[in-house]
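Some structures are shown below for you to check.
Next, two complexes with chain A in common: one pairs it with chain B, the other with chain C.
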Partner chain A sequence: MKFRKILPRAHVIFILLPVYWLVNMSFKSNQEILSTLSLWPQDFTLENYATILTDPSWYSGYINSLIYVLLNTVISVSIALPAAYAFSRYRFLGDKHLFFWLLSNRMAPPAVFALPFFQLYSSIGLFDTHLAVALAHTLFNVPLAVWILEGFMSSVPREIDETAQIDGYSFPRFFTKIFAPMIASGIGVTAFFCFMFSWVELLLARTLTSVSAKPISAIMTRTVSASGLDWGVLAAAGTLTIIPGMLVIYFVRNHIARGFAMGRV
Partner chain B sequence: MSVAKRNYPKAWLLVLPVVLMVAFNAVIPLMTVVNYSVQDTFGNNQFFWVGLEWFEEVLRSGRFGDALGRQLLFTTLVLLIEIPLGLMIALGLPKSGWRASSYMMLLALPLLIPWNVVGTIWQIFGRVDIGLAGSAINAVGIDYNYTQDALDAWITVIAMDVWHWTSLVALLCYSGLKSVPEVYYQAAAIDGASRWAIFRYVQLPRLRQVLIIAFLLRFMDSFMIYTEPFVVTGGGPGNATTFLSIDLVKLALGQFDLGQAAAMSLIYFLIVLLVCWLFYTIMSVGDSQPDTRQ
Partner chain C sequence: MSLQIEQLCSAVNGIVHLQDISLRFDPNSFNILLGPARAGKTSLLRQIAGLDPPDSGRMLLHGADITRHGVRKRDVSFVYQEFVNYPTLSVFENIASPMRVRSEGRQTIERTVHELAELLGIGGVLDRHPPSLSGGQQQRVAIARALAKDAEVILLDEPLANLDYKLREALRRELPRLFAGKGKIVVYAATDPNEAFLLDGNTVVIDQGRIRQVGPAASVFRAPDNLSAASILSEFPINLLDANIRNSSCVVGNKLTFPLPTHMRSLSEGDYTLGFRAEQLAFEARTQSSVACAAKVAVTEITGNETIVHLDMANRPCVAVVEGTSSLRAGEQITMYLDPGGLFMFDSSGQTVASPTRSAQR
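After this line comes the complex of A and B, so read on.
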């Protein structure tokens, strides 16, 4: 077998090994984890998952994360749509500078913004709400959404717009009835990336919440207790965070490659 | 080709929501940072002007230089491994069918795992007592312990980043490869081109754009890396894996040294912007050369 056919397989195995170990560990009791090293659970248990799924202070973390991620996706895509249309169709004062200014925010290290964000959102009374995290994540998701959508929109010929105008379509009707369906896959891909980057981010989400909107990733640090780390529960919590991502990938699996190319993510 | 872009000043109205949102999130915090960077306080919310003292202090102290050095080494290593590896993986992927979409799903898997969980996964995987990799490596007779040995910690953090992000490069390159029309390959086959010649003259020119994007994205994101190494090594052993963001958070939220942290933030942000701008300019100079393709 040729090297170039083997490499993707080898890399996939490399990707799956640590994940397999995490899942394997999530079905073991803490004692088993610490006493023996085995490739599959000797004493199969769902105890760790039961701990998480029956304790509101655990599972509310998943709900909180999903709420702010979805909120962020909706906000990012809906305000990016008109902006991307403007960038792809019109020339206006400062358009190029504006585009690069937007993109430069994708380059801002979140660590730089953690403290000022905390102060900003505290001062407007949004600290510890889902909305605060959703708005904060627009810092990197809105520029990204504009960038991806602009790519998709520019691939639709401009003649379509003019023909619709001649046919007497008003702009809002043209946009919702004709244009949006034409770039539907682009909107899907954009939503996918907004979901992805909001879901994986921890630093800002943790800084902006304390109790009622705390994300699951921050709650996971709770497993450190006086008696040491509860590895089994930690592994189960980690496994559960992989599931939403896998579901989302499954739905966009045939669009990922195209999305990457069009969207220049 | 297509109708030219129309001059339309009112397009500003369409852009306005985005501008307001980003301004709220970027400009106000940035001004806060600038404000801190030129002031000092003894508490009680009383601030006084110190000019550029904090900047001088950051640049003079060895701490920032050390973290920057580690950051540059990390980013360079990560780019040197991930870009060629991702490209080679993309070249070996099937072009269509269920096998292609299975590969897409498996490759995208690490990209959708929350970053602290990525850290947790590698912590569990690499630990000497309970980790598969950690104990396997020691069983072979190699002394490996990432919590105590700086080199082992580096290897672990780099392996983790390769695990986490090579897929992004591979997916980008794969999408670039899919844009090569089939007739190009047929023409190359008729000419009796070697595999290398096909890669060099048919595939690589089409990959230029995506490679630039892959390079810039990997540069930006590896330069800002915080959560994953923080979970695995906590910046240690000692300061061995304390990269810029980790150092910055230690300074700002740990020691609450706001002035210095703010000055460091600004220098940090400027470095990222400058490097991106440099690469972008250098790479787009190549773009304006006459195109040999149609």
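After this line comes the complex of A and C, so read on.
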């Protein structure tokens, strides 16, 4: 085999190895994980998954995470759509500065905001709710969504807007019937990025919740029981955490590159 | 009952786009805005459509002031140079869109769309989406949508400029027929003087944001009011030479002197600009009064049945168009003949002071 074929294959194997090891572990018993080194499960079991899907303290984590992630995606995209349209179509005082300032919000580490959010949400009774995490995550996702959507919107010629006006479309009707379908892939990619950032974010999600809105990532990091770590269950939980991201990325796989370029291709 | 524009001015960031435009377009008229690129044609069309507000001036449609009316309140439709259609809607829905907004009945919409599609020869592609069509078909869809709106005023901004040669010819022949007899005011922007001649409408010559002349293309061509109108309506650049009139003679440079032709007799002595079209220069004397002038060949271009000869005459670049193919070498000294009966004379401000009589022109 030629070298140029070997290299990409080796690359893929290196990338997939940890994922494979996680899936491998999730089908083993704790004893097998700790006692032997096996490349595939010697004693195949689904018990780890059964534990997660039946124990509310486990599966509620997934439900909580999904609720605030979806809530955040909806809030971020619906706030970003009109904002991106304004940045893309209108010239106003300080528009360029404001546009850049939005992105600069992403330059501060989330830990900076953990304390003020915690104090603020505690005092107004939002602490330990899904909305608290969803709102906290908009801090990062709205600027990103505005930037990506602005790129997609700017690639739609202004003449389309004008033609719709001449045809007599009201703005809301134009936006939903003509404009939104034209940037549908952009909206999809934006939703994916919001979903992804919110799904993997751990620090704010853990700080702003305690019991009723506790995300799966927080549950996974706190599972040290009296009998030590429950390796198999943790691996199963990890595998299940990868799946939503994989599903979402499948739907936007053809547009994702443009999303990373903030829609400017 | 007409569209009237009164003293319209418009400037963007201090750059004047339109200066003191006053025009009147009648119903059932085909009007051509003719001017070079950046002359203000598109600016004027956008003002009429209400897409840009004017700085000053008024606009009246059927006597009612529409200057402050927004786009949606104006009864206009617009066709862009670059085929603008809704890419996510089918051709049928594209044409139907203005009627859908007006909430017309389903049967009316179906009937009108099919009629228009037949008229424009796009009946077979109604189920397809605009991006999958050829440029000519896309522009036909845009024109059909403009007609579907049934607006009083139809604005076309160089609708044929982005089409290839054959399609352009075909669509240009159809255009006047599409709008004829519907009582609409059609305003068509063009850069090519041939379009103004072939579409045969009321021609508005516009340059640098000002109106230079209004009238049928043929009569503007024959008797341009000014240098700008004369050069915009020439297919080839108009030839200009500095001239001086003294002792009933016209003196160009230090080699060319000829007695004033009849139509210039009344001019007073002084400096002028002599103008003549490329067709006025010939290899042989056409009349007894033809003036021989020395010229040096710079470049020749052969188009098939014509030869375009770029010359250096009296230290000015000139263009001559002669029939047939001629084999002239660059740098060759030749003698060209100019018929003084076909000369224009412009004063220092660019106004025409002498136009050739009708019989003297080709």
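Brief remarks follow.
As a working rule, the second predicted complex is superposed on the first by the 251 of 265 C-alpha atoms of A that agree within 3 Å, B and C clash if a C-alpha of one lies under 4 Å from a C-alpha of the other, contacts with A are read in each partner's own complex, and residues count from 1 in each chain.
Criterion: a contact is a pair of C-beta atoms (placed from the backbone, for glycine too) under 8 Å apart; a residue touches a chain by one contact, two chains touch by 3 or more.
This structure is a prediction, so every number in the text was calculated from the model and none was measured.
Of the two partner chains placed by superposition, only chain B is touched by A:P18; chain C is not. Set against each other, chain B and chain C differ in how many residues of chain A they touch, and the higher count belongs to B.
Of the two partner chains, chain B and chain C are each touched by A:P157.
When the shared chain is aligned, chain C comes close enough to touch A:Q165, but chain B does not.
Overlaid on A, the two complexes show chain B and chain C touching the same residues of chain A, namely 157, 159, 162.
Note for the complex: chain B touches chain A at residues 2-3, 5-12, 14-15, 17-19, 21-22, 24-26, 28-30, 32-33, 85, 88-89, 91-93, 101, 103-117, 120-122, 124-125, 129-133, 135, 163, 166-167, 170-172, 174-176, 178-179, 209-210, 213, 217, 220, 223-224, 226-227, 244-246, 248-249, 252-253, 258, 261, 265, 268-269, 272-273, 276. Of all residues in chain A, only 4-8, 11-12, 14-19, 21-22, 25, 33-34, 37, 75, 79-80, 82-83, 85-87, 89-93, 95, 98, 102, 104-117, 119-120, 135-136, 138-139, 142-143, 146, 157-159, 162, 196, 199-203, 207, 216-217, 220-221, 231, 234-235, 238, 241-242, 244-246, 248-250, 253-254, 256-261, 264-265 touch chain B in the complex they form.
Those residues of chain A lying in contact with chain C across their complex are 157, 159-160, 162-170, 173, 178, 181-182, 184. By the touch criterion stated above, chain C contacts chain A in their complex at residues 49, 51, 70-72, 76-78, 80, 82, 84, 86-89, 97-98, 101-102, 145, 149.
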